[in-house]
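Look for subunit A in each of the two complexes below; its partner is subunit B in the first and subunit C in the second.
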Partner chain A sequence: MTTPGTAMPRARGIAPVRRPPGTTAAESRWLLWPPLVFFALALGFPLVTLVIQSLEGGGSAYIDALDVPAFAGSLMRTVVMAVVVMVLTMVLGTAYGLAVVASPAWLRFALLAALILSLWTSIMVRSFGWMLLELPRGAIYWFLGLFGLADEPIELYQTTLGMYPAMVAVMLPFAVLPVMSALQSLDREQLNAATIFGAGPLLTFRAVTWPQILPSVLSGGVLVFVMSLGFYVTPLLLGGPGNMTVSGVINAQMNQANRPDIGAAMSILLVGGTMIVYLIADRLFRVSEKWG
Partner chain B sequence: MSTPVGRSLGWYRVPVVVVAILASLLLIVPFLILVATSWTGGSFILFPPEGFSLQWYTEVLTDSRWMESFRLSLWTATVSTAIATVLGTLGALGLTRVRSRLAQRWIRTLFIVPIALPPIAYAVGLYGVNMDLGFLRGTLVTLIIGHALVALPYVFVIVSGGIARIDPALRPAARTLGARWPLILWKIELPALVPYLLSGALFAFVVVFDEVVLAVFLMPPGEQTLPLRMLNASQEAFSPELTAASTLVSILAILVLAVIPLSNAVRRRRARRAASARPAERTPALEGVTP
Partner chain C sequence: MALTRRDLRRAGTGLGAAVASIALLAGCGDDADEPQTSSGGDAAELSGEIIWSDFGGPTNEARQEIYFAPFADDTGVEVTSVVVNDAMQESMMSGEPGDYDATHVGLDLVYANMDNVIQIPAEFQDEALPDDIRAYAFGTFFVGHAQGYLTSTFPDGGPQTWADFWDVGTYPGKRAWPGTPGSYDSSCEIALLADGVAPEELYPLDFDRCSAKLDELRPEMVFYTSYPEIQQLLVSGTAAIAVGPSGQFAALRNAGEDVTVSWNQAVVAPNVIAIPKEAPNPDNILALTEVFHDPELQAEFAARTNYGPGNPEAYEFIPEDVQDNLVNAPSHTEVVYQDSKARSEVTEDLLNWYTTWLAG
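Right, the complex of A and B next:
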């Protein structure tokens, strides 16, 4: 999320020094091998196990997985949810980032405080908060009741409509942070130049600000999309049984249907899909470099 | 008061700010409600809460099951964080010494991939490893290793950000003076990276401490980490005890993470007092927000 590594050299117009002169092969071997071995063990081993497990029945687990009636639906639902959440967080995140730099100090402080607080509290705790809001006689009911608007308990909890705001809220910080750091390293002189040459707010935004923050908006969106694909806790708590995501179906296969091979096959499909999306987006938008 | 970006938006900033305020309500209101329900004097979740009492906090803090889960989470998260910090730092340092651009890009992507990895699929894979290797069954090894992998990208990202700010002339200078790479690492790079190491480790710790999906699959029967106990409690009955526990966990996370901006502020003040006229690298607003 921090961009100084990429943004600062670019702003100064110097190519980043990638490999300091005078490094030896021994050096990179000693530094890089331990984490790479760890990755091979901690990431490679479980993935290989998944593949082996899913192929135990000669590949029939994949056919069975696609035959599980809940799976196709959940796949569709998960992708739709990830797309909707991505778009909403990108729009809200851009507005949020802009507002942080555009508002007076007291408001900026409040916006940043809300952002930091929600980034620092766990996703599960925030989902609990949303449950309390949405319960039939929860906080929203009470709030509407103040205005005499709620006669009977509201039906939001464990519905699709109730799940989306929580998902967006949980994912929002990941979309705001890249935008915010892009806006902070924006070239101010270009903005001043645009103003001096008489460009109005819309033209300045379209021609100067937007092109410079677009890569960060996109990489935030990709991140939200990919994380939403594998989301488990919030849909479980707020979506209920009618809104099972792929993660929920995998969990059901493992713990209720007791078919670890199908669970493994679904996991492979989920990991594969997520990784393909991530790697393509990474090549296109250099998401990883926005982080490093 | 108004920044160039703010000025450039003209009056369009009003709707933008209104949208952002509404979005910030999405972020903050659920948490406030959660906190409010925990101080209820009654025994049910109610909003608005009935009266004010801290009975549910005493309940949680004196309950041996909650405290046992807390201790379990504390030490497993500490071990995972230590692994992630060492390896993430090595990786970030090693990456700068890779010659080929292409290899560099792929390795960087590899180090960030765990963020995008669907936790449930990874958990199922680790569970399979647990079943295949009998000696791991009933231990916390896979949980700790899995958590370390999940936390590693955060350390990597933060430490990489720190490396980018080390003066690139220092290494050649040290080398010209005859220092070999372990000495350069120890005397020049690591001291400069300590604050980034610290914030990376703290962030990783909070991420791991809150992680629940791996714990669902990998905890031996009878043991529960704190988030797992909270998740299970939420599936049974939503009680003020649970919201009190959630509040305590959040306060802990906030206290732990507040160390980062505070220590940064102290460091800045010290640097300013040292009267080095280096230009400020970034505006302070972002410190501690970006991992």
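Right, the complex of A and C next:
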């Protein structure tokens, strides 16, 4: 079938070189336009509007934004929070993804169903559910009480500790799904080969599995980080106002202070600040090179 | 070009409003002679619609049934309710054109934009509003910021004043408190009253003193991010006492809970409907102000929403047990009125102060 030669066959059953789409002039012309137009409308237009709005007063909105006393603090708090959520979610999401792939069929179905159901449920509803769990005499208190473990109402609601589980739960699907798809496209023969050559499970994981899923773990992490910057209700409800994010401050400027220009300037500062953080992280850890 | 058109439209609106006022006055003159055709006379001159913006929910439903339905029957003018879009409200309250004929605002926003709203005919003004603002708003309803608790929490009598609210020794348990930047409500006033400031000396607000007083109670506070959470926090036993709009306590009572509200030092916050200068249908909305001033309809609205009426005559039609839920009822002599004018001068400071204190 394949021509004999020194090159190793790539993977099983790969068809002889098939030209990927988008290589002829006509294809690239027509296939590129729909996504470009979509992004221009859905991403570019709102962003440009935001920039214009923030510059309405000739840039004074940026100075006003920095003058809003709660802004700088909440910005720092938001970034730190997003990093913590990102790290926790990456660790837990990778473990969850591995569990899904390694489980027997019935458990895999249950794990996937739990993940997808949570993705389908509104973030408000889920946050409120966590509130019912964490209230001093809530569901956790009741559950511990069944085993005689809770004598006094628990102090979890509106603490920093009470906030992270909910945020990680909200973000988990975005870290699990990429890892899972990477695991599923993993060539099982490589695992067999590793075993045949005498590698134990740990070495197989470290030398074969991990390098192949790392890009997905990282891209999931970046996704979670960026989405976490937008947290508003969950930390305010479950972490208390001491954990107020920058979204809360922006929302107040837009809706209560009637200063959409300041809100826009704050949003731009948030996006710009995030990009700078990302570029520095990229320099240090070469994240983008590892993207799949 | 655009400017000219806008100017023309503006001039047209002013003229329309003037005509409407005259028509209404004339209509009232007729009323006395032939009461049966009273609204028929107006109906001939009105057509089209009204775009009404408020915050929806049960309050809007009550308005539709109590005020809008009879108005539509009499005049043929349909009132379309929309939920307030902040950007639209903001631009119309600063005098620019837009869709709204009427919009729900706090009285302080009316003080800040008196030049940009259409005045109400004298006979339909709500007398419960201060003299200097009475002509600029209608549809008044008074929200009370009060403390409430499940009666069973304090069987020997619960907290009365705001000083009691701060007294966690005598009245132990967490205090439910508003926890989003925009929900400063009467937080500063309440803190000052608790600190012993006399009601007539609350303004201008001393933010540092408010923060210091609030800091004292912060460890005992549990925060809510939307008003209905108050009910959840009280019923679940998470909070012993809650501060909030009195409607939440009424809702708990309707759900079968035994709730006590202390009206002693409760803070009265006036909410109103303003007619922006550029309202597209000024004749129609000015005609609607007559319906809104009717004391019997206001009594019905108060009974249904638990918000206090703006026309004092309405109290003649409100039963005693309903009156007890209304912050400005004649029997509630110890309530404290917000000074909307003073607050309108520090709107931005209030928001920044509260956001900073919350995040601290």
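Odds and ends about this structure:
Methods note: the second predicted complex is superposed on the first by the 216 of 292 C-alpha atoms of A that agree within 3 Å, B and C clash if a C-alpha of one lies under 4 Å from a C-alpha of the other, contacts with A are read in each partner's own complex, and residues count from 1 in each chain.
Simple rule for what comes next: a contact is a pair of C-beta atoms (placed from the backbone, for glycine too) under 8 Å apart; a residue touches a chain by one contact, two chains touch by 3 or more.
Predicted model only: the values in this text are computed from it and were never measured.
By the touch criterion defined above, A:Gly138 lies against subunit B and subunit C together after alignment on the C-alpha atoms of chain A.
Legend: residue contacts after superposition of the two complexes on their common chain; A:Glu27 is shown touching subunit B, with no touch to subunit C. Residue contacts after overlaying the shared chain place A:Ala72 against neither subunit B nor subunit C. Look at A:Tyr157: by the touch rule set out above, it reaches subunit C but stays clear of subunit B. Of the two partner chains, subunit B is the only one that A:Thr121 touches; subunit C does not reach it. In the overlay built on the shared chain, the residue A:Ala252 is in contact with subunit C alone; subunit B does not reach it. Measured by the number of subunit A residues touched, the leading partner among subunit B and subunit C is B. Legend: residue contacts after superposition of the two complexes on their common chain; A:Leu237 is shown touching both subunit B and subunit C. Contact with subunit B, but none with subunit C, is seen for A:Thr204 once the two complexes are overlaid on the shared chain. Once the two complexes are overlaid on the shared chain, A:Ala102 sits against subunit B while remaining clear of subunit C. Residue overlap on subunit A between its contacts with subunit B in one complex and with subunit C in the other: 131, 135, 138, 233, 237, 251, 254, 260.
Those residues of subunit B whose C-beta lies close enough to touch subunit A in the complex are 1-13, 16-17, 19-21, 23-24, 26-34, 37, 45, 47-48, 83, 86-88, 90-91, 93-99, 101, 104-105, 107-122, 124-129, 132, 145-146, 148-149, 152-153, 156-158, 160-161, 163-165, 168, 171-172, 175, 181, 206, 209-210, 212-213, 216-217, 227, 230-231, 234, 238, 242-243, 246, 249-250, 253-254, 257, 281-283, 285-286, 288-291. Touching subunit C in their complex are the following residues of subunit A: 68-70, 73-74, 77, 131, 135-138, 153, 157-158, 233, 236-237, 240-242, 244, 248-249, 251-252, 254-260. On the side of subunit C, the complex with subunit A involves touching residues 86-87, 90, 179-182, 222-223, 225, 232, 236-238, 347-348, 351-352, 355-356, 358-360.
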